[in-house]
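Residue numbering begins at 1 within each chain, and the chains themselves are lettered A, B and C in the order written.
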């Protein structure tokens, strides 16, 4: 049943001093879709690729807000990430309550990393199956931390986790020298380009499957999704070395192929007012309503229909 | 079966004897109901570039001048001073809490700065928690420091009540010192027109009046001057400062108490 | 290895017929490949140093500190599994805090080392836990002078004048043995620590690394802190010069 006799639990070292269960937990991160984070000397940007389990299902959230100064992107078991982000939220509130100041990013990540470590040393527990990119801004500036189930925490200038994230890291390693002085806009584009590099040939970044989050100097942690992502994808297109994103966007699990493009373009114009009265605008609203229904359905019935394992890693 | 509710679950009187309710008449459990060894007023005011705080060195045992070298100004972190009035053993507890705070702050690398608003918030939570346990730390606290380069001055009492003001004082000081300090800083913002020297003089004057009129005051005190030099905080704590130019000639004029010759 | 396949190496808290606890030995393997760390005890203080291999160039320079403060007067560095090291640091801080609360004084370092070692030892006697995969070097100055201890995964705690752990420990030990600890000052020890880590790094030359050095000395008021930037820079220059001299000589 097991690959060897040293990988059954977290309390057994292999003869070379490894703990296989922890290494397997690290593999769980790679089952999740990719997330990328990068820092300039003023901001941190997170971008992530969302998945939906089925066409009518909603896309799973990849980015979570902890507080005004902090948030995270996850890859791996989303329920584990929820536990950890709830913990971070309590810590953040406690710091605000006791000391009237935001939680330092370093202290925040150390706290969840210590939690993760204890799960690697006691029998009867499993390590967390999720990797996190924690982005935050505090007195010492912007920070990007990578959290792993092993209890490891490392601060990076740029990092990527999740499926095919090596491609994103390669991009980051080639370009990280320029990040420091980047504007927020350039930083987001860098993030999106890195994220795009993780996609398989037949996939594209769309307004549905892409999440963007920013935090930094005078910038509260903000998540951009759906409509708000569109202008950024357009900017990505105009700076793109892989031309013609828009056409391929249609291939993304959308029934109304022809219209998607129109809707997308329409949204760019109507990012300010969603209450647009023109005909394409109402299509947008209808589309949203449909999405909501899909959400409701998937939460009510989804678990019966699909193998939960397919949906656990995000 | 006992049919009245208040008897349910009670041992039978005929077997065990009547219930002994005497404990119900005993005194309730109590925590500190009064302070023992105490320090008197702490006073502080802002000036255009910082804060001045003073507290004398007396620890009284009732009306006895028990200890005359009690330091009541605590430096916390690199840019904050906490002045403590009230119970001296509770002052020592606060001192230990503050040292513990400094150590935990040093754990993080790089460490966040620990500023007066942070310490003020933390102490307020502690004071309120203790009063809610009906076991207060019997103190009045004055916290001086900086918030975003601006002078910061706050007050907390044993109930956890708190406020910030350009001039604060505890105990007798709130009657005797505040009017003197408010001549210079009546409202928030007035400190802009007050120099360090003016503030120190006003505090010294207030300490003098307090020594004259507060029977639990001493003419030896500590004076903390917190200011910003080139944007960096500078904390100077002067010890063994004396109330100078004392004039007791009016003492003979005071009548109406004590043993006096007509 | 004789241990493999016998079944005696699968659980903590189990002796093999020849009296070994293999799981503890395996934990030691996790240390052997860890980053090289050093502790030096001199007459006026202690110095801790660690070689941090830059595993990715995306890592933020100067961040990810590996030497940590336990109490004002005590510092810790470790080799092996970093998350385990942080666990031990947390425990050490609790010990020191507890002592302060109980006795209103700084914890004597020999007592601290002994208590932490006892904690580490506990993790070798139950099958519900695994041993710590780290060697911990604890150093500081208290009323009795300067102290340096190293604790291994078995819970062994020995006092040292110069301690080394991790990948480069053998090279480091060779170099440490050349030092005259009776005459060495903390400022000199900082330079020597840098030099020794540079020497030890020669075996691993293709990888970049960062140097982290901290100290507790009588002169700095018995406070554990990173050495000043200027001294660190000076130490690096000294280390490079010595290394070049060795190569030429």
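Here is the rule we use: a contact is a pair of C-beta atoms (placed from the backbone, for glycine too) under 8 Å apart; a residue touches a chain by one contact, two chains touch by 3 or more.
Chain labels with UniProt names: A = Proteasome core particle subunit alpha 6; B = Proteasome subunit beta; C = Proteasome subunit alpha type.
This structure is a prediction, so every number in the text was calculated from the model and none was measured.
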**Report entry** Chain whose mean Cα position lies farthest from chain B
**Finding:** A
Query raised in the report: Given the contact rule stated at the top, which pair of chains has the most C-beta pairs in contact?
Result: A-C
Report summary line: Whole-angstrom distance, CA centroid of chain A to CA centroid of chain C, is 36
Query - Euclidean distance of C-alpha centroids - chain A vs chain B, Å - result: 49
Query raised in the report: In angstrom, rounded to a whole number, how far apart do the mean CA points of chain B and chain C lie?
Result: 44
Query raised in the report: So which bits of chain A are touching at least two other chains?
Result: 110
Report summary line: Where chain B touches two or more other chains at once, the residues are 109
Report task. Pull out every residue in chain C that's touching 2 or more other chains. Result -> none
Query raised in the report: Which residues of chain A touch chain B in their complex?
Result: 97-101, 104, 106-107, 110, 138-140
**Report entry** Contact set on chain C toward chain B in their complex
**Finding:** 65, 68-69, 71-72, 93, 97, 100-101, 104
Query - chain C-touching residues of chain A, taken from the complex the two chains share - result: 5-6, 10-19, 39, 110, 113-114, 116-118, 120-124, 144, 150-152, 154-159, 169, 172-173, 176
Report summary line: Interface with chain C, chain B side, in the complex: residues 96, 99-100, 103, 106-107, 109
Query raised in the report: For the complex, which residues does chain B have touching chain A?
Result: 108-110, 112-113, 115, 117-118, 120-122, 125
